[in-house]
Amino acid sequence: MTQHLTHIPPELASLADYEQFAEQFIDPAAWAYIQGGSGDERALQNNCNAFAKYQCLPSLLRPCGEGTTEVRLIDTVLRHPIVLAPVAYQKLVHDLAEIETARAADATDSLMVSSTLASVPMEEVITHNKGTNWFQLYFQPDRDITQDLVARAEASGFSALMVTLDAPVQTFSRRLMRKGCGLPADITAANLINYAQPEPVEIGRYESRVFQGVMRKAPTFADLEWLINYSKLPVIVKGVLNPNDAERLLGCGVSGIVVSNHGGRAFAAAPAAIDCLAAVRERVGDACVLVDSGVRSGYDVFKALALGADAVMIGRPQVHALAIAGALGVAHMLQLLRDELEVAMAMAGCATIDEIKRVPVWKGDDYVNRN
Amino acid sequence: MTQHLTHIPPELASLADYEQFAEQFIDPAAWAYIQGGSGDERALQNNCNAFAKYQCLPSLLRPCGEGTTEVRLIDTVLRHPIVLAPVAYQKLVHDLAEIETARAADATDSLMVSSTLASVPMEEVITHNKGTNWFQLYFQPDRDITQDLVARAEASGFSALMVTLDAPVQTFSRRLMRKGCGLPADITAANLINYAQPEPVEIGRYESRVFQGVMRKAPTFADLEWLINYSKLPVIVKGVLNPNDAERLLGCGVSGIVVSNHGGRAFAAAPAAIDCLAAVRERVGDACVLVDSGVRSGYDVFKALALGADAVMIGRPQVHALAIAGALGVAHMLQLLRDELEVAMAMAGCATIDEIKRVPVWKGDDYVNRN
Amino acid sequence: MTQHLTHIPPELASLADYEQFAEQFIDPAAWAYIQGGSGDERALQNNCNAFAKYQCLPSLLRPCGEGTTEVRLIDTVLRHPIVLAPVAYQKLVHDLAEIETARAADATDSLMVSSTLASVPMEEVITHNKGTNWFQLYFQPDRDITQDLVARAEASGFSALMVTLDAPVQTFSRRLMRKGCGLPADITAANLINYAQPEPVEIGRYESRVFQGVMRKAPTFADLEWLINYSKLPVIVKGVLNPNDAERLLGCGVSGIVVSNHGGRAFAAAPAAIDCLAAVRERVGDACVLVDSGVRSGYDVFKALALGADAVMIGRPQVHALAIAGALGVAHMLQLLRDELEVAMAMAGCATIDEIKRVPVWKGDDYVNRN
Amino acid sequence: MTQHLTHIPPELASLADYEQFAEQFIDPAAWAYIQGGSGDERALQNNCNAFAKYQCLPSLLRPCGEGTTEVRLIDTVLRHPIVLAPVAYQKLVHDLAEIETARAADATDSLMVSSTLASVPMEEVITHNKGTNWFQLYFQPDRDITQDLVARAEASGFSALMVTLDAPVQTFSRRLMRKGCGLPADITAANLINYAQPEPVEIGRYESRVFQGVMRKAPTFADLEWLINYSKLPVIVKGVLNPNDAERLLGCGVSGIVVSNHGGRAFAAAPAAIDCLAAVRERVGDACVLVDSGVRSGYDVFKALALGADAVMIGRPQVHALAIAGALGVAHMLQLLRDELEVAMAMAGCATIDEIKRVPVWKGDDYVNRN
């Protein structure tokens, strides 16, 4: 594979360029793992097509000289609303893995969400980003382990927990199955390495590996309520598409939600996340709402904010950028997004993130909102 | 042609993979026969495009540990709702033909529907599947023959009759016409081989081979009513798209219907079957409704159930799998579908088939139902 | 160029096959002339895409043994509703030109409409089709000539006049302009060859060749009313898209209209003709309505009838078939259409053309009518 | 690069042909500059797809012998409504640059709008077009300079000012960034060459180059009001998409607006301009409205007028034509548009530009207006 770059060539002018360049820097099985979606990949495909359906109506001559991308998420003021999504196993593409990603977050004042499945322990990752860090939590089959993860996150200085609930079953994508499945042996979830493996579940003759296997241990509302009570940190739920879920979760006391279809890696029959955003926002009033799954430019960020998001998360592009040029790549990729967002705001006459929420949005040829 | 495989390579991770691999295992004229649709193939094309238009909204944190794919069809409880559709002339792709398919049904607890036009006699096929078997009936021009087919099906242990009514005319597809038409001489309808051939119909100078030829012998409501009275077995009608037809048929005493455009092999101007499903379900209340034509993944199965089907039938993919690896292939193909269905149910928070019917479905960007 | 065929190979199983095969039988400039549309060819493109948007809902078990494709147009009963559209300059693709086309009409009981711009005189063409013949009329700048054309048509035995009104300006398509424009010198409008050429129009410095040139001589309502009064024959107007026009024309005394965008060869910003049909039919009650522009299969014929047409006209495909195999080709092409129409009717449970008009039609996912 | 042509070959039969031919006459970096759009180029893509969605319903037999394309814009009667949009830096493709373009305007009685960023001084450009000339104004950071530009435009004989307000930030397209950015050193804005460069802005540690850099100097409503008062000339605002902006601008005293997304070069999340036109027209009554962005044929011109524009502007195609054949190319390109417009009018039965505004328009399958 090609060596990581130490400078950014002019050909890398967009996240699409990063994606196209990345393949030569990444092992084919890892590439299948990163790029694939679940099942027939229609949720993945929906994400790719979704943003192009939306257009926004700009306004002229508005004063933007005091403009800013600052945004408040829960209790934190961020310099900009572009968040590094939790992405597992970054060692697949770079030896320093999440350490480099954290350095990029630090250099660009970006909120980083560290994954339970990071290939570097959370205690190490967080030292490399002086800014805001959140910890992404997967409930573990054994509550003691979950509890320990939370305690470690609190002790290390993470300021919120983002619990992912849309992937109670984890499967290999068809792309990865065709490659023979499986990650390389040296790729591990560093945060979990010292815990005992869960007992293998015994499945009866007519029982299902999915239902009587995995789902017997899947998280429940009781687990979520326990978490909210147990942890001092605010809890954000990742993976919400259904407005009913959004409402119920906020009623349980979560501090925010992420509208997401897990980058097309969870429920393959799901809509694009962005297509669910406006209905969720309408249901939850002023609650903290993030969105991910398919954001690939600062214009996509703008559209997501116009449709009601407070911030967006960026997943696969951080892996592409990490593979190409480590921290430098990730920082440049984030800077491209932020620059494009600022240009979009100026062009549309929006001096603040709040003003974006008043921009009229079309989908196809109808208004989603008139604002 | 390539020899049948005796193991499943990792490249066969989906029904799309099976379709792509199958061509090298099948004679080109047979391939044209299998893959072709009627007329301009727009009904076939509609099927291909239809499922991608639908999306389903999942729900989080629902308990699925007791989950099951069990479903009751008429009087039978099935372990899962994925049915082997009646497919004619399977000897085109495998010497053991429907025997291998029946073995796959047996191994995967799948309901199999045997075709009138099978290349192995029904009495032989049924011995290879200890589970539930239905017999697909084409009305014969001579009622005595039809009556004999029914009697044989009852005597052999089939537990229902599925009568196909959407193809009163059988034509060659354009693909097959371009290959010079016709099936190989050794491919016969084994169930019919001992009956006298019908008298050739004489057509007048200005008469039509279609109307005054074939359609003079086509089945009528009187034939259907005769069948319902004559047979002890429940009668399911295959090939319904029009809600008015569905209502009238149930009024006649049929026990169920299959929403189907015959895999695009009958009326070429027809909509996709899945596009007709919700309107049919709305009209027929709790009646037994199956759907086929275009189901190519467990996610498609999930969507079909969410739109109101009790079960789905799988046609061409069983031929692809049979050609590649006989019973092993068909069983693996069915297992892929069932695994994907279970994963989809777990992801969407559905512990039972009935719960799927309460999932909100979008088409394009509008709700088909809100459930 | 390839010699005309004397038998029909199995590869010619549809009108699409005819189109694909035809190119090798036709001179490139003639091919550009035949295939091209006006302007940006979007009207042509609209025609190509339009039929696929429509689907029809079949009905089961309807008696069709007495089925027939007979249809009454104005005062004539035709064996089937598939009409040979007027197509100019058929000598471009076959030395015998319209004579062969007339022979094909004769062999297939098809109504043929002979063009003013035929390369064989109308008096000769009509002798080759014992069935019904109509004459397509372009108003000539000089009324005496128009009058003479009408008198000749009446004298020769044509039973109706189809006057084309949607192309007051005739331009070369961009495809033909790129080939250097112009038809070969030996290709002439045989019906017009003995008339004096119109005086060239003088155009002032700031006048327009279109408005002050061509359009000063373009037909008016007065011309149409003159024609209706002057001729004993019924007058059908070709080229109607606007329901207001349809209503006004019928008020003037025309006997029928053809919903047509001239195969995409006239107003380039026009919708597909089939997309205009239902609205026109709704406005004109039981008046005689034909449609052309994009009919390429018997299923398209079925859709056109379901949307309200009494008959359809076939343009470019007759040229493709003529080029490939003369009268034999045209007859086979017409037979393919008729066979497909009969199969479609049988499949959909329609025993008569009138019953097709009661078939529910979808466009996209909405009903155009519920019938 | 290829030499400019001195005659027009038959292959140049449309603006699409010009675009395709142009690439071989233009340096690759200049080509990237000309063809590129801002950001993810979705606004550019929207323009390309937009016109094909619209269709117009023609009317038959209307008298057009006195037809004319004359149109009144503000106080000037133009022979036709096809305007040369302001396009910067035309020296990129031709040494004589805007001089040749002006000659083409002169030869074709076309209104030309000269750009602030022209590569030839306005005083020189205007001498080559005896017809109507407008001056396109970018507000300069220093008002004295803006004032001088206006004074020069008035003194030179320009009869209106078109002030562009949709691009307060000017960025390089990704295409140009990938080429290493930047225009050749000999390409300059000749109108600005004698003015002092603006002071470079100092940006604080956490300030934004966009907001605290460029936007502090961006024009405001106060600037626009100053301009309207200061100049004797009517002021037209270019770059309006939002009907609210249109209404407010007319309230300020502007004399007309241009519905435009700057050819996809400004706000990348914007709709196609043509998709905004009907709503703007509905809001502004009889005010002067032009449209640009994606007009590529006389049929597009027709559609734009039917949707409510008084005139259209042509941008990139003038550069393509200039590159290929200088003034001759631009004149021929304009003549193609005008010829196509006249043909379209004649075909649709419109003798005047005003009559086009009463033509019913479809978008997809719905009426935009019924007129």
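Which chain is which? They are A, B, C and D, in the order written, and residues in each are numbered from 1.
By definition in this document, a residue touches a chain if its C-beta (ideal position, glycine included) is under 8 Å from a C-beta of that chain, and two chains touch if they have at least 3 such contacts.
By chain, UniProt protein names: A, B, C, D = Peroxisomal-2-hydroxy-acid oxidase.
What you see is a predicted model; the values in this text were computed from it and never measured.
*Asks:* Would you identify the chain whose Cα-based centre sits farthest away from the centre of chain B?
*Replies:* Between chain B and the rest, the longest centre separation is with D.
*Asks:* I want to confirm something about chain A and chain D. Since they are copies of the same sequence, is their interface symmetric in residue numbering (over half shared, so same) or not (under half, so different)?
*Replies:* Comparing the two copies, chain A and chain D contact each other through largely different residue numbers, since under half are shared.
*Asks:* Centroid from C-alpha atoms only, then distance chain B to chain D, rounded to Å. What do you get?
*Replies:* Roughly 58 Å separates the two chain centres.
*Asks:* Distance from the CA centroid of chain C to that of chain D, rounded to the nearest Å?
*Replies:* 41
*Asks:* For chain A, jot down the residues that touch at least 2 other chains.
*Replies:* none
*Asks:* Report the complete set of touching chain pairs.
*Replies:* The complete list of chain pairs in contact reads A-B, A-D, B-C, C-D.
*Asks:* If you look only at chain C, which of its residues touch chain B in the complex?
*Replies:* Listed in rising order, the residues are 10-11, 13-14, 16-17, 52, 54-61, 63-69, 79, 296-300, 302-303, 339-340, 342-348, 351, 360, 362, 365.
*Asks:* Show me the residue ranges of chain D that touch chain A in the complex, using the header's touch definition.
*Replies:* Chain D residues touching chain A: 38-40, 42-43, 45-46, 165-169, 171, 174, 177-181, 206, 208-212, 214-216, 218-221, 224, 237, 239-242, 244-245, 249, 266-271, 275-276, 363-364.
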